[in-house]
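To keep things clear, I will list the structure first and then write my remarks on it.
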Amino acid sequence: MDFSSFLLMRHEIILLVITLLLLVAEIFIPQQKKGSIVHLAIFLFGIHTVLGFLGNVEGALFGGMFRNTPMIHFFKNVLNVGVLILLLQSADWLQEKMVKQHKGTEFFILLFSSLLGMYFMISAGDFLMFYLGLELSTLPVAALAAYETSKRISSEAGIKLILSAALASGVSLFGISMLYATSGSIYFNDIAEMITANNLTILGMILFFTGLSFKISLVPFHFWTADVYEGAPISVTSFLSVISKGAAVFILMILLFTVFKPLMHVWENMVYVIALMTMFIGNLFASRQKNMKRFLAYSSVAQAGFILLGIINGEHLGFATVIYFVLVYIFSNLAAFGVVQAISLKTGKENMDDYEGLYRTNPKLSLVMMLALFSLAGIPPVAGFFGKFFLFTAAASKGYYLLVFLAVVNVTISLYYYLLVIRAMFLRKNENAIPFFTNKLYMRLGLVLTVLGIITLGLYSPLYDYIFELSKNLM
Amino acid sequence: MDITYIYLIPIIPLAVFLLLGINSKKIKPAVSGYIGVLGLFTSFLLSIYTAYQYFFVIGKIDGEYQQFIDKTTWLNFTDTLHIDMGILVDSISIMMLVVVTTISLMVHIYSRGYMKGDDGYTRCFAYLSLFTFSMLGLVLATNLFQIYIFWELVGVSSYLLIGYYYTKPSAVSAAKKAFIVTRFADLGFLIGILIMGYYTGTFDFETLNAVNPETGMLVLNWASTSFMGLSVIAWGLILIFMGGAGKSAMMPFHIWLPDAMEGPTPVSALIHAATMVVAGVYLVARLFPMFYFVEDGFALNIVAWVGGISSLFAAIIAITQTDIKRVLAFSTMSQIGYMMMALGVSGYDGHEGVGYMASMFHLFTHAMFKALLFLGAGSVIHAVHSNYLKDMGGLRKYMPITNITFLIAALAIAGVPPFAGFWSKDEILVAAFENNQILYYIGVFVAGLTAFYMFRIYFGIFWGKDKKYEHTPHESPMSMAFPLLFLAGMSIVAGLIPFSEYVSADNKGFEAHLNYPLAAIATTVGIIGIALAWVFYKKENSLSDKYAKSFGVLYKWAYHKFYFDELYLFVTKKIIFNRISAPIAWFDKKVVDGTMEGIGNKTVVVSDKIKGMQSGKLQDYAFAFIVGVVVLAGVFIYLWK
Amino acid sequence: MIAGISIYEILTLTTILFFIGVYGFITRTNLISILISVELIMNASVVNFVIINKYLYPDMLQGVLFSIFIIAVAAAETALAVSIIINLYRQIGSVEVKETEIMKY
Amino acid sequence: MDILTLFVVVPVLTVLALVFTKDLKQARTVSMLGSFVQLGMAINLVFAYFKEKEVNDSIMVFMKDLVWFEHFNIHYTVGVDGISVAMLLLTAIVVLAGVFISWKMEDLPKEFFISLLVLATGVYGFFISIDLFTMFVFFEIAVIPMYLLIGIWGSGPKEHSAMKLTLMLMGASAVLLVGILGIYFNSNADGGDLTFNILEIAKVNIPFEAQKLFFPLVFVGFAVLGALFPFHTWSPDGHASAPTAVSMLHAGVLMKLGGYGVFRIAMFLLPEGALFWGDFFLVLAAIGVVYGAFAAIRQTDLKYINAYASVSHLGLVLFALLMLNKTAWSGAIIQSLSHGFLTAMFFALIGMIYGRTHTRDINKLGGLMKILPFIGAIYVITGMAYLGLPGFSGFVAEMNIFVGGFQHPDMFHRVLTVLAVSSIVVTAVYILRLVGKIMMGPLETNNVENLPKATWYEKTGILLLLIPVIAIGVAPLWLSDMIMDSIQPFIQGVIK
């Protein structure tokens, strides 16, 4: 075995090294200088992100357990960018609050572990690797959710997440065991060849599917979402809603499009039904929320429903549109969470009512929020519109016009509650509006990056073309 | 013949209008008066010149008066249908040119005195010019659509002039009423035009009216489609006549005319007596060949009857009214009914077309003496500051010129020879006698009524009781007196014009002779009417009240104008406003909008209803999870594979 | 291979185990009990993997290996869950599941 | 840069410049300059169009095509025909007038003008696009600023109205989106690639089944913006709450997107669907025409009256479009233009009256002619033009529509035309009621005697709008011919 083949695991290895470095740093850096770990972590991760863009690699390791393709590689980069922005947005919070409680480094270690899990999950070539990746990505997040140990809701969020996740992965495992029973292998490629549409296989697939649905928070497996999002620290919520969800969507799609391709006639109906439920339930719940985090939680449930419209396509068009949408979604949601984060950090306020009159005191933040919400709602010319439009195109290309129609009805409903936030920020006047404040460099950088992403991703078409090319290779 | 200079006749008033309208605040009143009169005078001269040219120099070719047309396309509809703008010169349009410019000039001159000191002096002249322009455009129109365009413009100028005293609510509502009623009638006109356009493929009078000596009407070859047993062209004509009836205040569209007297009196003279209200007559005359030939004159019959009945109806009402302008208004309606009737009973060829000729003749003479009556009435009103008979009496001592001219006009309208009205009325009765006996008798009866009510107010104003006035009335200034004198002159001599030589249905002209027996009957009836008025009103006495009582209900009904206003009010207020519009507004608010809002509200309600699903209990979530799995498995394994 | 016992019987057993776990998860009031129920679900899968490997595909050890990993991960999971539960206990002095219902709707 | 793309670029640049302005004075000056440049460009385009048309015989001229999303075959394709040219001119004029009318915008002026110009950008983009996707993008860009414009600077129940308007319009655009996707995926019916390009799709025979399915979606999607009964209810509330310039722009320009879209997409691309569904929608449109007029009679708020009047007048546009012949279509386009100018004028005047008397309730107004002669006179003129008086643009439009409608060989259509014609009387009723009530009659007690007279910027704004109304009304031939020529290729699709 040639060691150069470990280059395939470049992402994983570097991230692991960074994590270990931080661990070491945690030990050796004296208490009063712990704040510098934040800079160090961001710096290291920044380098990691940049390194990720250097060249694509393709191949498999460990007898096919681990594989890397340009698409996977690209997606890891996407996740990296997302995490980097997230780190930038969280830096102030960590330095001001968490470092003082002597747990600044933990955040990075847990977060990076989770990210590492995702890397493995999306690179998985068999169910074992997939399962390990899945668990590795979930467990640290559960710890992170309970990160603010002094807060009761944080612990509650942690409990809810870990138990639900355990249940989900248990169900999922049971399903995998059935697939193993019918196909005799846990390798994706083998299963794909063996699979037939018998009852046990379908049951296995459904059980497995629910496990991932849980991560993507599809209805009716979404109930944990709102509670955990509300209880967890904003950075963690943000991570859950964009990075974790994105990775899960990616691997779900790969599995559905490759391993379960022969069962497409079953799962496309399933996806159809779940997509509808997810969009409607997510939107109906979101329209009533007052807490911004909870609000964004339901909105992200609804967004997951839209993603299924791309998945239902079942071909590389669907694949490309979903990846593109996820990318756009990462930027949009991060922008929204970033603003919530900034405001929460300065004032501790997280309710929609507190945002009233925000534009008159903090115009820039409000504008970022507006762009983010427009992008989430799918209003041109920001990127979200293109993302959604392409998803609908993907669904429509298979003739699912009714589904698209209901989806656009949902877009309208979702617009309603996004506008509620805009109403609070722009339309209302408030004596006790949140006073003007300025953000520190990291936060600003984090927001600017997201805004750039929101604006350019849509208008800059070569990006989509690039994704489209990549998705061709995967299939 | 180069006729392009005729464009100047309407364009000059338009220019005056724009000049005065845009600069209404900057121009001094005195100057604006001069500008208005000067502009009109130019138009007047041009009209006279045109008339001379047409009738005596170049118009008649091969014993027939020709049509001269000059036009350009204004708007294209389809390859064949288009609106042209241009001028059509033939005998009736020339005749109308003369009438319009003459009366308008007189009214302009008169207004300089009458409107003196009014804030809106300039505005008044601007509107008058606008009206004159529109009316001239209407007269000269070459096709149905052009006439419709100017028809509407005339309507709006009428609106503006009736509502001239716009701070007075009654004036505003009168203006509104006039516009809406005529607009409603114009709806018929427009639909008629559309029908013509669709079935004949043209709007041009030239083509529409074309009569081929061998095959008859050209239009008839184009369309033979029928609707409810009547050819669509006939329907079209009836609808077009509806427009005409609206503008000419025929039954049942007459209700706006009495109210229109809210406008300044010179305006009433110009628009609501002499020119605009005869537009309907002119329209029917313009399309006369069609009316005559299509469906054997079915539509023409309607014209005759509507005219006859309106004439009778208006004359009866006129007897009972106490506002002198309203009496004159009903008189106008009555006389126009006469003209309509004349058209309706007319034939086409040669002497058969006497009704047509008579109608135009009466239009001409009526314009002169009715304008005179109005201007005279204006002069009286100017002097006593009231419209009502009860405030007048014995004015002959104070206003000699007005008295004499008013008397001349009254004699003219009463049909006493040799005044103008006698000649034209006689021709009408001849035509009616020859074609429709019933209408003839109506006509004779109306002639008597006309004489009666006209002298009723004449005596009431100038004779009767000797009233004491707070301010001693005085004769009007020269600017007002001159038009009176001029028109009085016209009222005397106009009847002597050998009209039938120039204007006739087939454009060939014929020689009209006085029908002595009929003339004698008409004159006698007229004189009886005058005599009765003399008895009742010459001296102040209670005879009239007594007789009025003896008529009882009829008097009451006539006094209330047969409750037409109330009927209209009922239809508009109770039916349209309350029974159509209000329910629609309600429906829109509650049902249509309610549905839309309801969808939104329901969504919120549903959202609130289902919030219990998210109970916060971990185990409920797990239960939902498991149920989800089981249901999915059940459905997709057993039901929907 | 266990003589006299077919794969169906064992699979039935694991299925029952799975549903016992689910039932326990849904009905227990104590967070620790719930955690134990989750373990049952996991173990059902573990047994499944081993049995399927042994009975159906004895020439490769994929299933067995998988089950070892599951056990390890389950242990980590339990440890983490317990630590969070302890943290909760520190704040409210209770490990009842009904204490975790603050966030809802 | 090509002559058309500039129409999008200039407002965007204006917006960017506005970002750096500091106060009302700077903001309005910048907006005014930007809008002036636009107007100049629009006028220039008219001449350039005529010139180009002499040498270039294609349906659209000044075409420019850039690939955008290659895999979906999405292009940025622009081009204009006579209709778009006219619409662009309308937009430029109304926007400039709107800027003048908002001369004294106190609250957040910079943001106001930015929103206004973003809206304008969307509208310009919409009119120049001939790629369905690009068109749709601009369509939504034009709609969304309405929320802020009404919500922030509006009056009355502005939040509710803004939300309602936005949701209904976006809901419509959602329906439209499905329709557009339907067209897109049927654009390879004759072989060839999927495309969003309108001109190319028009050459394809989209299967009848698909046309039947997607025509109502596309039609309704656009027609909601054109206030199709029964989806018009956003309009009264929205107009009533919106600030003056926004009402102007919205009723004057934005609502025109509806008719234009129906014409350009629904009719052009799905002619068989149009024939199939025509009668149904025609009845709806005819109901809207009469219904809107009757509803207007009953209202007491000036803006509500105008909003319902718009329902009626724009119903006429849809009505004409469904008549499927050249005359009626040309009438529809001219009506769009005419209504655009007139309704903008109306709203501007209402704004001026409201700004002075602080009421829009007609029962509290009266005799304003005496104290506000300029506004009064223009109000009467606008009213007269609105009720279709010859000499103003409304007449030309309505006559085209009526004559066109009546040229339809089917009796049913002619009967409906007669019904639509009858709306002119009802229009007269409410316009005259309005004029009589607020301008004439005695002065109402609460109207102060010395209200400020119209200012120069108000006058400029109004005259900008009045000039084209009269120009079209007096000499319609050049416009009518320009539009007729452009309709020719479109009508051929329907005849085929």
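Order as written gives the chain letters A, B, C and D; numbering starts at 1 within each chain.
We adopt the following convention: contacts are C-beta pairs under 8 Å (C-beta built on N, C-alpha and C of every residue); 3 or more make two chains touch, one makes a residue touch a chain.
Keep in mind that what you see is a predicted model, and the values were worked out from it rather than measured.
Touching chain A and chain C at once are the following chains: B.
Comparing the CA-atom centres of all chains against that of chain C, the greatest distance is found for B. For the pair chain C and chain D, the distance between C-alpha centroids works out to 65 Å.
Once the centre of each chain is set as its mean CA position, chain A and chain D turn out to be 42 Å apart.
Centroid to centroid, with C-alpha atoms defining each point, chain A and chain B lie 78 Å apart. Distance from the chain B centre to the chain C centre is 97 Å, each centre being the mean of its Cα atoms. Multi-chain contact residues of chain C (touching two or more other chains) are listed as 22, 25, 34, 100, 102-105.
Looking at chain B, residues 600, 611, 614, 616, 618, 622, 626 sit in touch with two or more other chains. Looking at chain A, one finds that residues 159-160, 163, 167, 171, 226-227, 288, 416 touch two or more other chains. By the document's touch criterion, interfaces exist between A-B, A-C, A-D, B-C, B-D. Of all residues in chain D, those touching chain B in their complex are 164, 167-168, 229-234, 237, 291, 294-295, 297-299, 308, 326-327, 367, 369-370, 373, 384, 387-391, 395-396, 399-400, 402-404, 406-407, 414, 417-418, 421-422, 424-425, 428-429, 432-433, 436, 439-443, 475-477, 480-481, 484.
Contact residues of chain B toward chain D in the complex are 25, 73-78, 81, 83, 145, 148-150, 152-153, 156, 159, 163, 166-169, 171-173, 175-176, 179-180, 183-184, 187, 190-191, 194-195, 197-198, 576-577, 580-582, 584-585, 588, 592-593, 595-597, 600. Across the complex, chain A is touched by residues 600, 603-604, 606-608, 610-611, 613-614, 616, 618, 620-622, 624-629, 632-633, 635-637, 640-641 of chain B. By the touch criterion given at the top, residues 22, 25-28, 34, 97-98, 100-105 of chain C touch chain B in their complex.
Interface residues of chain C, counted against chain A in their complex, comprise 18, 21-22, 25, 31, 34-35, 38, 41-42, 44-45, 48-49, 52-53, 56-57, 60, 62-63, 65-66, 69-70, 73, 76-77, 80-81, 83-85, 87-88, 91-92, 100, 102-105.
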